[in-house]
Amino acid sequence: MSPKIKTELDEFRHRNQNRGRLLVSCPDQPGIVAAISQFLFLNNANIIESSQYSTNPEGGTFFIRIEFECPSLKEKEAGMTRKFTEIAAKFSMEWSLTPVYKVKKAAIFVSKELHCLLELLWEWQSGDLMTDIAMVVSNHEEAREVVERLNIPFYYIPANKDIRDQVEAKQLQLLRDYDIDIIILARYMQILTPNFVAANPNKIINIHHSFLPAFIGARPYERAYDRGVKLIGATSHYVTNDLDEGPIIEQDIARVDHRANVDYLKKRGRSIERSVLARAVKWHLEDRIIVHENKTIVFS
Amino acid sequence: MSPKIKTELDEFRHRNQNRGRLLVSCPDQPGIVAAISQFLFLNNANIIESSQYSTNPEGGTFFIRIEFECPSLKEKEAGMTRKFTEIAAKFSMEWSLTPVYKVKKAAIFVSKELHCLLELLWEWQSGDLMTDIAMVVSNHEEAREVVERLNIPFYYIPANKDIRDQVEAKQLQLLRDYDIDIIILARYMQILTPNFVAANPNKIINIHHSFLPAFIGARPYERAYDRGVKLIGATSHYVTNDLDEGPIIEQDIARVDHRANVDYLKKRGRSIERSVLARAVKWHLEDRIIVHENKTIVFS
Amino acid sequence: MSPKIKTELDEFRHRNQNRGRLLVSCPDQPGIVAAISQFLFLNNANIIESSQYSTNPEGGTFFIRIEFECPSLKEKEAGMTRKFTEIAAKFSMEWSLTPVYKVKKAAIFVSKELHCLLELLWEWQSGDLMTDIAMVVSNHEEAREVVERLNIPFYYIPANKDIRDQVEAKQLQLLRDYDIDIIILARYMQILTPNFVAANPNKIINIHHSFLPAFIGARPYERAYDRGVKLIGATSHYVTNDLDEGPIIEQDIARVDHRANVDYLKKRGRSIERSVLARAVKWHLEDRIIVHENKTIVFS
Amino acid sequence: MSPKIKTELDEFRHRNQNRGRLLVSCPDQPGIVAAISQFLFLNNANIIESSQYSTNPEGGTFFIRIEFECPSLKEKEAGMTRKFTEIAAKFSMEWSLTPVYKVKKAAIFVSKELHCLLELLWEWQSGDLMTDIAMVVSNHEEAREVVERLNIPFYYIPANKDIRDQVEAKQLQLLRDYDIDIIILARYMQILTPNFVAANPNKIINIHHSFLPAFIGARPYERAYDRGVKLIGATSHYVTNDLDEGPIIEQDIARVDHRANVDYLKKRGRSIERSVLARAVKWHLEDRIIVHENKTIVFS
């Protein structure tokens, strides 16, 4: 990491040393907010931002995200976690309490096309993605120069379907070595095995092009062109074992018209992929996403 | 009111007989959410939707909107209001507790141009504006037919600047007679006196065209055309004594290009005015707006 | 047709008595524009609007749409057509020369859901769709009242797959009787036979919901909801024998978030369907669309 | 200029050696298109793209932009210009015939805030702005490093209102030395004198923030915040002697809500300024803009 970014991250950690985020989902019933806010009040924490949602107040699932400021958070953290475990048990909560100073560690996987990687690095250098990009992994050498110039470790791991297990074994070892929190597939054109996915639940974010209607299969841009689509788009989602069918985090589109040839469609597609992936990653880093069944609650 | 709309409103009131909305603003400090949610829990109310915002957790102002479901709300309402008055005093709150079944009564003021009125009536007939449109007031006769066809009382009150006080006296009497909660200026081309405005604080919603940059003064569309603006817009705001300077509720724009002549600019402008005003009114009816100093917090 | 709309159409015809539109597509080569513009100049016609596009200047296909003002167009029309036939032969053109005063006659097909029909009627009454809506055909009675109130003939033709041929025979007879130029499927939930489609090439416009990705098959909104889509959309296209696979005319989307339940998704979907279909129809009526292979050139 | 960009520009020049652009404005009358297209045909030029517009077919002004491919353009250029001068005289045309291989030379003026400069350099490196950035001029040193790293000459010319004439004399000399075609004010926070502006008619492009309504005068973002605007925007325009009142080229906005503090408004503002300025510059470089009175015709 370059000294400038290191300084920025350190300042961010210091600035947020007392900032915490609480994510909760549980069966809806009266008293949840009262219990949580009482817990925070007793810990002298001030609620900064709070968002909630219920699929159905009667028998549905309740979701809440609270960002709070709590003096001496570091000292209190273990005790708060212990105490909240009791509350959580009472309401059958799934939950996480994340101190903001514990900046998430990211690994970016990329193949030959660099547009998504470059966008992430640009946003990161601008201070808009508060993460520690711990490594970049690629099955090609195209990204090495730009990555190493920023003092980020670059791992070249050639890959193909015949050596998939062995490739993933190396990758999983690296993820452990660096204690990675989030894996960003920034146009990594290799299929991941169920084993790899299962080892990283709700931690792998992918991006792919999307159309209305979808053009499933080979050469989607060519086929979209042949039918004269007026919109092209991109979808970012968590990776599950259903290929490209995991919970959608973010989508966007751009208008095109008959003047757009296949190259232009691809170019616009790349531009949308960049911004959609960057937003999805940002929301993940800020603990704004709760996965519920096969969908996401995004408190953006 | 037509029988169909009357039936819909009655069903809405019945469906929401236990639904309430709490709007609060106060100096920020720890414990506010805990106190409010404890209050609701003790009244057996379930929080359906909650949005909050703080200008600054340290010394700023805190805002919250809670929509809740509370069995037997009608019976409990007086008691809850009494009880909450105590909590409010402790935190120096400005607040309102509004039962949803008490549908707001609206008066629409209009002059000759009917596009905003027609949009409101259309949205209302589609069930998207849950309000009791109690009357329409106009200084022209253009709107009479469409209004009376829907069985809404129509009051023709000719107006000009020489008889302003006398005109407003009639209007204020009507507002009292019908117990009006919200006055919608749907292109009512008369200036209101400070007296009229003061009598209806944060209750009058206006709409007007907007440009980047503004073309203040006469013939704004002509001047916007002369400079070849690429965007035209509209702004909806609460009326204060500063003409067209009250708290902004909603704004929107549309792109135009050199092909747009003055007539087309006006047409697009009307279209944006319609949708912007309708959104602002909808948010007001749903108690989604808190006015703070000269701005709005809109929990949309 | 109501007297007011009849008057408007008559005024439109009169105002545009000398206005014509020329649509041409042909293999690209130098000299096409020179030949066409020379032809118009010799007929004393002034070009008002001209749009062109070439898939590829070398060996591609060239498209042009010209709107022109030509004194005494009615008298000259036959002669101009004869003359242009010679030019067209030289450049292997497909073409049409349409006088604007010959307002297109439309048939709207609808089933139970009326939102698209209502939008078309609203736009039509506002003077934004210059067409003669000659009849509405439905396999249900829901639309009768609103249609007949506007003095438009309404034909109730019950339909199901067992009597498809017989139903279409009646419909085709009506299309001939009324000399229909455009058939708008405003949520007409019946499959058309290849025979019916072949009889009306590039004359049938359909609308359907669209998602990214598509949810092909039954209950698309429910499945889109289950996956938490962030965008929903609609596509309008010409009907070909490939079900829902004809040339796309227009598409649009709206953003939704996790708070949207299935009903809300459907409501937003209907809203987008309305505006997308209305735009597609408007462009068709204004001769702004050229179909080329399975795509459209839209000179909007 | 870096070797990579130099190579790209050379390839662009080669690829477009036969490509030309013709911009024309003149009083509207029949025969203009016929004359122009005949002229191109006789020169064996094929029209690739053509856009036109008339303020009013009867007595208005006609505008056309034609992009054409003409074998041996370099050899024919002088002859074509001579010939077209005759046609232009007949129709009282203002016109320009620009070979695309003559890439425009740009000077960027910047002060301390670098966001617009960085965007332009990024787009330029991506091959999206086909221009020869011949120099960057600044009254501060902030931009030097990033500019010189790309091998672009950087001129530090301190400026203040007391030495304005002397500063502009140096700048005008540089503009002559480098034979500059377009001056981009990428947040150059100095007022230009009428003398400087008059020396560069329709060649200086500026960017500034815009709001609905405008907040004219000091601290616009603070005042926009105080009134709770829901949209912030930016406007790019040609510089005339009317400060910030020249012909608008492009505008855009972004939505904000009550959560946006002044810093965030400024950040969003910078983001819009970047993209709006980049689009305006791109259109200028591609000869897509005609200035007419105080407005622009943009054939984008």
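The letters A, B, C and D name the chains in turn, as written, and every chain counts its residues from 1.
One rule holds for everything that comes next: contacts are C-beta pairs under 8 Å (C-beta built on N, C-alpha and C of every residue); 3 or more make two chains touch, one makes a residue touch a chain.
Since the structure is predicted, the reported quantities are computational estimates derived from the model, not experimental observations.
K.L.:
Using the contact definition given at the top, which chains are in touch with both chain A and chain C?
P.N.:
For chain A paired with chain C, there are no chains in contact with each.
K.L.:
I want to confirm something about chain A and chain B. Since they are copies of the same sequence, is their interface symmetric in residue numbering (over half shared, so same) or not (under half, so different)?
P.N.:
Same: when the shared numbers are divided by all numbers used, the fraction is over half.
K.L.:
How many Å are there between the centre of chain B and the centre of chain C, using C-alpha atoms for each centre?
P.N.:
39
K.L.:
Return the residues of chain B touching two or more other chains; collapse runs of consecutive numbers into ranges.
P.N.:
53
K.L.:
Looking at which chains touch which, would you call it a line, ring, star, complete or other?
P.N.:
Drawn as a graph, the chains make one closed cycle, so a ring.
K.L.:
Every pair of chains that touch: which are they?
P.N.:
Per the contact definition above, the touching pairs are A-B, A-C, B-D, C-D.
K.L.:
For a test of understanding, state which residues of chain D touch chain B in their complex under the given definition.
P.N.:
Against chain B, the touching part of chain D is residues 53, 210-214, 216, 225-231, 233, 235, 244-245, 247-253, 257-259, 293-298, 300.
K.L.:
Chain B touches which residues of chain A in the complex?
P.N.:
Touch list, chain A to chain B: 28-34, 36-38, 40-41, 44-54, 57, 69.
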